[in-house]
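The structure under discussion is supplied below as structure tokens; questions concerning it will follow.
Chains: A, B, C and D, in written order; residue numbering restarts at 1 for each.
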Amino acid sequence: MARKKASKKSATKKKSAPARPAASASAVAVAEPQVSGRGGEGRYEIDIALIGGGSRAWARMLFRDLALTPQLTGRIHLYDVDHAAAQRNVKVADDIFGHPDAVTRFEVKAVKDLGKALKGADFVVISIQPGPMQMFANDIDIPARYGILHAVGDTTGPAGISRALRAIPIFEHYAEQIAMHCPDAWVINYTNPMTLCTATLHRVAPGIKAFGCCHEVFGTQQRLARLLSERLEVAQPPRQQVRVEVSGVNHFTFVTEARWKDHDLLELLTDHLIARDDLFVDRTDFALESKKLGRWFSHCWLIALDFFVQFGALGAAGDRHLAEFVPWYLESEEILHRWGVVLTPSSYRLGMWEAADRKVAAQQKQKAAGDERAIPLKRSDEEGIEMILALLGDGPLLTNVNLPNEGQAPDLPRGAVVETNAAFTRGNLRPLVTNELPGMLSGLVRRVIDVQQVTLEAGLSRDLDTAFEALLADPLTRIPTDKAWDMFCEMVQVNAALMKEYTSEQT
Amino acid sequence: MARKKASKKSATKKKSAPARPAASASAVAVAEPQVSGRGGEGRYEIDIALIGGGSRAWARMLFRDLALTPQLTGRIHLYDVDHAAAQRNVKVADDIFGHPDAVTRFEVKAVKDLGKALKGADFVVISIQPGPMQMFANDIDIPARYGILHAVGDTTGPAGISRALRAIPIFEHYAEQIAMHCPDAWVINYTNPMTLCTATLHRVAPGIKAFGCCHEVFGTQQRLARLLSERLEVAQPPRQQVRVEVSGVNHFTFVTEARWKDHDLLELLTDHLIARDDLFVDRTDFALESKKLGRWFSHCWLIALDFFVQFGALGAAGDRHLAEFVPWYLESEEILHRWGVVLTPSSYRLGMWEAADRKVAAQQKQKAAGDERAIPLKRSDEEGIEMILALLGDGPLLTNVNLPNEGQAPDLPRGAVVETNAAFTRGNLRPLVTNELPGMLSGLVRRVIDVQQVTLEAGLSRDLDTAFEALLADPLTRIPTDKAWDMFCEMVQVNAALMKEYTSEQT
Amino acid sequence: MARKKASKKSATKKKSAPARPAASASAVAVAEPQVSGRGGEGRYEIDIALIGGGSRAWARMLFRDLALTPQLTGRIHLYDVDHAAAQRNVKVADDIFGHPDAVTRFEVKAVKDLGKALKGADFVVISIQPGPMQMFANDIDIPARYGILHAVGDTTGPAGISRALRAIPIFEHYAEQIAMHCPDAWVINYTNPMTLCTATLHRVAPGIKAFGCCHEVFGTQQRLARLLSERLEVAQPPRQQVRVEVSGVNHFTFVTEARWKDHDLLELLTDHLIARDDLFVDRTDFALESKKLGRWFSHCWLIALDFFVQFGALGAAGDRHLAEFVPWYLESEEILHRWGVVLTPSSYRLGMWEAADRKVAAQQKQKAAGDERAIPLKRSDEEGIEMILALLGDGPLLTNVNLPNEGQAPDLPRGAVVETNAAFTRGNLRPLVTNELPGMLSGLVRRVIDVQQVTLEAGLSRDLDTAFEALLADPLTRIPTDKAWDMFCEMVQVNAALMKEYTSEQT
Amino acid sequence: MARKKASKKSATKKKSAPARPAASASAVAVAEPQVSGRGGEGRYEIDIALIGGGSRAWARMLFRDLALTPQLTGRIHLYDVDHAAAQRNVKVADDIFGHPDAVTRFEVKAVKDLGKALKGADFVVISIQPGPMQMFANDIDIPARYGILHAVGDTTGPAGISRALRAIPIFEHYAEQIAMHCPDAWVINYTNPMTLCTATLHRVAPGIKAFGCCHEVFGTQQRLARLLSERLEVAQPPRQQVRVEVSGVNHFTFVTEARWKDHDLLELLTDHLIARDDLFVDRTDFALESKKLGRWFSHCWLIALDFFVQFGALGAAGDRHLAEFVPWYLESEEILHRWGVVLTPSSYRLGMWEAADRKVAAQQKQKAAGDERAIPLKRSDEEGIEMILALLGDGPLLTNVNLPNEGQAPDLPRGAVVETNAAFTRGNLRPLVTNELPGMLSGLVRRVIDVQQVTLEAGLSRDLDTAFEALLADPLTRIPTDKAWDMFCEMVQVNAALMKEYTSEQT
């Protein structure tokens, strides 16, 4: 009666029919035989490829976080276009894993060839700067001369589009290499513009197991934890206890529901807003003080609240980011200051690397002077390590993450990379379906997604004319089209080293 | 600068903008003050309303499961149209909670008024028979006379539609009462037809926190656990360790991905099918034996596998159920027997209640005779208790459940009740986005959903003409339209007591 | 064998299942017996209800157009909140139909009661001002004080939203009255904001046979006719010969394809743009001249072309309208002047009615003085009469029209009122499926639709908070939210007489 | 100020952005200079490529229709795999155009090379048999042995799928050749399975200007014309005066609205059904008579009406076709006979060509005998010529046609080829948005579309396993999967000559 004998080949084809990033955790396959008694006593042994391995901030934070994770051990391959920087970080890593407070050790190597770095990787972590800091500075400074201000400049607006046009070809290359060398690896992206870098990975290598991580939502959980502590007169709980439903795109994400135990925190927030009628006041003084002291990241949590008041969902990123997605707060520096936010100057960006180097040098000097704990081993607030552990089997972990929308954000376009909660379990990552955004806010997010999708097309096709369409449609662009074209041409020109393949059919 | 003072009213409105079943866990609110040191020592104190409180099977199973759950205590209100049956179950419950192996106790009462039973409930459990067993028997027997066979008859096909037409008005009433008396309660439905009963609750009371539970998928996990144990030569793991991605509608659900640790179980299954070419043989002998012995629920896991072979996803319900959603296996009893499945006869249904009563009587006799453990206190394989615990805060629990499709089944229509995995956390239930079904299978499920949705409209509008459209389009209906109308009229007639409101514009 | 006898009732229900505006042309039913030999010799006898029957411009144009249409005769009922104005127009109408060049005659009456005016109507024509001209002036002047300029102010931007908030309740009333008194009549709307007035009719009275007419696209056809005449060196054809595919929302509509005979006119336009590099020059001089002479409607067809250059589809409305849907052209009067467009001042609006009255007085004086042809009988460029004729049976007519999107604009949201081509045939109006807009432009139109849909909700629910969400999201709003709120409050206040039902939950 | 000079290249790119089959009527370009005074006196001169140029029925009908169309002249290239047949038709064509009643003349040539036949074509007409008549016979006979009956066997069911599997590769080749040799030609397909042949053209050559024509709907218009004539006691109008809204897929199409003048014909039909309670009676006698006389195409318009009674929309194809899309009428020959329909036997198909040849021979003999009018020159009921004329500029023509769904059938899947009304104008073909089908009927059509789409994938990928999935899901397949597989294997085997590229992963 057997109508057909399922052949090996056939069934393999069948089973792989579902095309979504499946949960084939090669990492675990590798790790498992080498785990002796996990569940307390043993360790997962994993291979990590760190792209942007020469980075001064993220790489070192990752080393510290790993050094404090007893469940993990293995190897880290550092890859960086600036190979010397990667090599410097090998030294930094060795110091960190040699730290007296370290509880585990990874073998760290700098690798010149990306393919070699990726080969055999269980996890790929990407944290790069798309181009030198001078380009970041240009992204901010050129639009400013045309009257378009950015509070940050790494995500959206003309600056974010410029950055994306540099980043997309780079991530296209990464995607191809990952597909070739470690298609089953989990890929964790920290690079901005988060949405478009992650989208490029998925577009170029369908089925890639990539997701994007950002800590902005954690800050919102923290603020809500503080708020509930004040209003309910209880000890401030850790932010992880504050459950938030988030939706939107990275840095333009919103809380539609927030709870701690059985308390409705958005209701609490409403009470707070009613009780505290001194919140929405002019914060120019605060801003000027921040500016004077170089506290570029300071803000008053006022714009996030303004979104809540106007649209019914709480902004779930810092005010500096939120302000960049709508035209209301950035018409002039004075207006921005009224909301307690300052413009991060390009000079700060230009000085960042040097500052980081100075810090390391100082620390190493201290260490050389005998202070073994000069480099403090402190866990960061990032969740990368928790995610890795959950994917290895220590889950489930439910947290927010950037992934292509397969249905998790019902009111946002399918396929666009969105930020919502997801469940990490052994070898598996599944987004959770979240609430729709309130009507008009959903529209504001969709217009951002529209611009992002056209930017993605522009980047992948290296087409400046399409990129300019996106730039015109960006909510921050309100200058005449001829002026905007002049601005765009200037931006393209200073990006030339990283945009050689781009062409325009305009003369 | 404060442009507007958020008034209490306004913010409340805003925050509640997201309309989906929010996570206002009144249960926990009630329970919390009364929990002394949960996390081992304490207990949640909850109120359960059990609709179908007189049921011989489910109610008693629930009592036993609760009696073995140390974390829970509280009150159970039994409601049943057959109030005497509910009263009988109070006695049964007291016996169970008084059992020497019981670790907790619930106060159990039979309540004549549904509203009173619901008032203050934290959880509502619904497990009823829509009509007397004679109606179930009719559902099976009338179509059989017209050449349409059902293996079960409680879900789909003309029998399932008939049952749905009785159940929908009943569930409409439940939905209204729940919305009035305990809108924040979690509602767990076990009643068949699962999809349409659950859909009625959500349609009539939007925002109701209702979901449907079914153990069929557990059986598939069990079989996969057994398979991997055999093929990998390891001890059989508990079914919970077998992670399955499921999608479809209740009883016509499919596994698109299955893993245990790092093993791809669908690949393993393929190997198994190749190795075991004796699987797809004529199972008439097995079926005849089952029939002789009255083993109505026996089957060979052959139809579930046939779906895997034909369409690439494994059937995730018993063969008896799967066979009813397509016209291939039920053309005659002989054909069904070839697949190792027997028709559950209506006589069995008619005898069920009596058998249950006999069993209880026997047990009580034994108990009276001094055998305190005559009613064995054994946990069922149902997950209702785990879900309750997770919703109270002991989660997260990731398991399969029936919910309106908000995006979790990307290839199935929005709004239709589908069965996929979901995450239960404190006061919160969120479906996880799952894989699309392979192409043609997705089509087969969508045609079932189409019939279900028209049946739902028919039930809610009490419109026989619309109901007949659904009946014609059901995959089991392959008789001429005039014969089908005759059959339908017969079925409506014997349902008359429960279908008084229905009308037709036909003479 | 007849399984069921189709009862009258049943079949009626069945046949009317398709809910869309069906083609029950009661008009024709009335007309037919009275038509003696249509097809040249005869006439359709129809009843027209003219809402806004006291209007100085549209009503009179309609009389003239009708007077020159030999195929039509019948009755016109004039309804106007200003009954005296309607009465004045009876006199004007009599003069027009008594004109020596008139070829037919309609009986014209002013009716105080809307229901009476509608009773028995075959066609309803709506052309009103939502509120006195002073309100129109306020719509323009208040935002201007906050830095938000409008070139027209009757469609979009804060002014258009203000106008819509007044118009929606009025059109809600019309819809209800039409549904009650003449549900089968064809309803032709000329009132702005076109999209939202037409959308209100369809939302309030589903199945209403209403559509919106606007002549802006005709102007684009005209310009293309002139262009082809120049470049191909042929006589300028009538605009009707220029076939255009249009899509978008009224006044923000785009040509995606244009042909005359076998000539691709967008290709021709491209050649023209290359050949004429003097087109995109600063037109401030032209604008200043227009301003001096009070030529408020003058423009250079430059913004329409700029859309073509930037996005690949030609703007199909006047530059004054197009400029209002994006933030690029209206940042200051100077910038607008560079594009050759002037702001229509509120003073012009305030003087319009008086000017129209003066004109009529002068003409009547001339007539009294014996000049019978003082009121020249000239057909307008509007297509209302052609549409009426096509619906009566003289079609088919293919032209552009505003209708809810059932699929005709595949890239725009279903249900939103869009402007595309449609086919008018006897008793039937069907949109034609048109091209998708090029990517980014599609996004720009969708963001306008998002704002419109939230405005519609706000108007129907009389909710100022929702209205303010729409206002913030309007592309012209780029001021801080607190300033925007102040502006909004001012606007609401001066609209008070027509917005009594609106409430806010803000203090 | 000109920000960028639109370059030729850029603008070309821009304008062509809308990807849908644009209206570049090269035909007209060719024709125009050669038209002397069209509008009565002149003629369009066109090139037609006729694929299936050796066909006995369609080719000759086309010649006759053309011979009677004074507005057209030009050249016809006949292409056929059976070149001899094409050559025979050259002779037949010459006779036809030489007929005394012919009013125009075409130059007709048989061409061996498809590319040459297509080169320069303004119109391509495709009317082929996918494989010899023996294969058609097999399509019917093999399933019959497994208990699956077809009334026709050329569209759906296992027979239709078998035919499609042969036709898809052939049409893939046509599509490629057309894209290469005459991408701007209009392509008119008459071949069955209509939906899948037309879909293949569009899938393989996106932008191809292809549409499918079928006369089944005309028959329904005819029947409605007869009905109204009887019931209204007026002369029977030509079918073109009966306006019908149709939706569905070819041969499974439904009338949702029908009007003649101001009469609602579906209401009339309802009255008719009530008045004539003798309609739904057993028609076995009629069927037996038809069978005896070999009147294979006879039917009683009963199944079309049954759909109207059951679902509220009138079947718009012959009963023989409608019966094949649902499992209700074809369970046995006896059941089918009750509905007045007979099975078209394979023997009829096998004899068709011979019969056609005999007819031609007889006619030519008569002609040789001096009877110049032996081959009667009569216009067929097909609309191909009207469509050609409308596309050349003699439109508009509104009629039903098969096209990919871009929005015209709002309830059916986008992209699937559907049959609705469309407007033919000069160089342009646009579908009109039609009514949704009543709920359950929409579901029945969607399940057919699902099967068609999987069949299309199977054909394009030459994958038998996918084809078998489609076959199982076809509504006519109700036999066990193992029997179905045996049947399928038999069918594939006898198709071998035309299915060489197909493979299965089953052994």
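Just so we're on the same page, a contact is a pair of C-beta atoms (placed from the backbone, for glycine too) under 8 Å apart; a residue touches a chain by one contact, two chains touch by 3 or more.
Note that the structure is predicted; figures quoted are calculated from it, not measured.
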> Once the Cα atoms of chain B and chain C are superposed, what angle does the rotation have, between 0 and 180 degrees and to the nearest 5?
Replying inline: 180
>> Taking each chain's centre as the mean of its C-alpha atoms, which one ends up farthest from the centre of chain A?
In response: D
> So what's the Cα centroid distance for chain A and chain D, whole Å?
Replying inline: 55
>> Quick check: how many Å separate the C-alpha centres of chain A and chain B?
In response: 41
> If you look at chain C, which of its residues touch at least two other chains?
Replying inline: 1-7, 10, 13, 280, 311, 338, 439, 481-482, 484
>> Under the definition above, what is the set of chain B residues touching chain A in their complex?
In response: 1-8, 10-15, 17-20, 22-26, 28-29, 32, 243, 245, 256-257, 259, 261-262, 264, 266-267, 269-271, 273-274, 277, 279-282, 308-309, 311-313, 338, 393, 396, 398, 406-410, 414, 421, 423, 425-428, 430-436, 438-439
> Where on chain B is chain D touching in the complex?
Replying inline: 280, 306, 310-311, 327-329, 331, 335, 338-339, 439-441, 443-444, 446-447, 450-451, 453-454, 457, 466, 468-470, 472-473, 477-482, 484
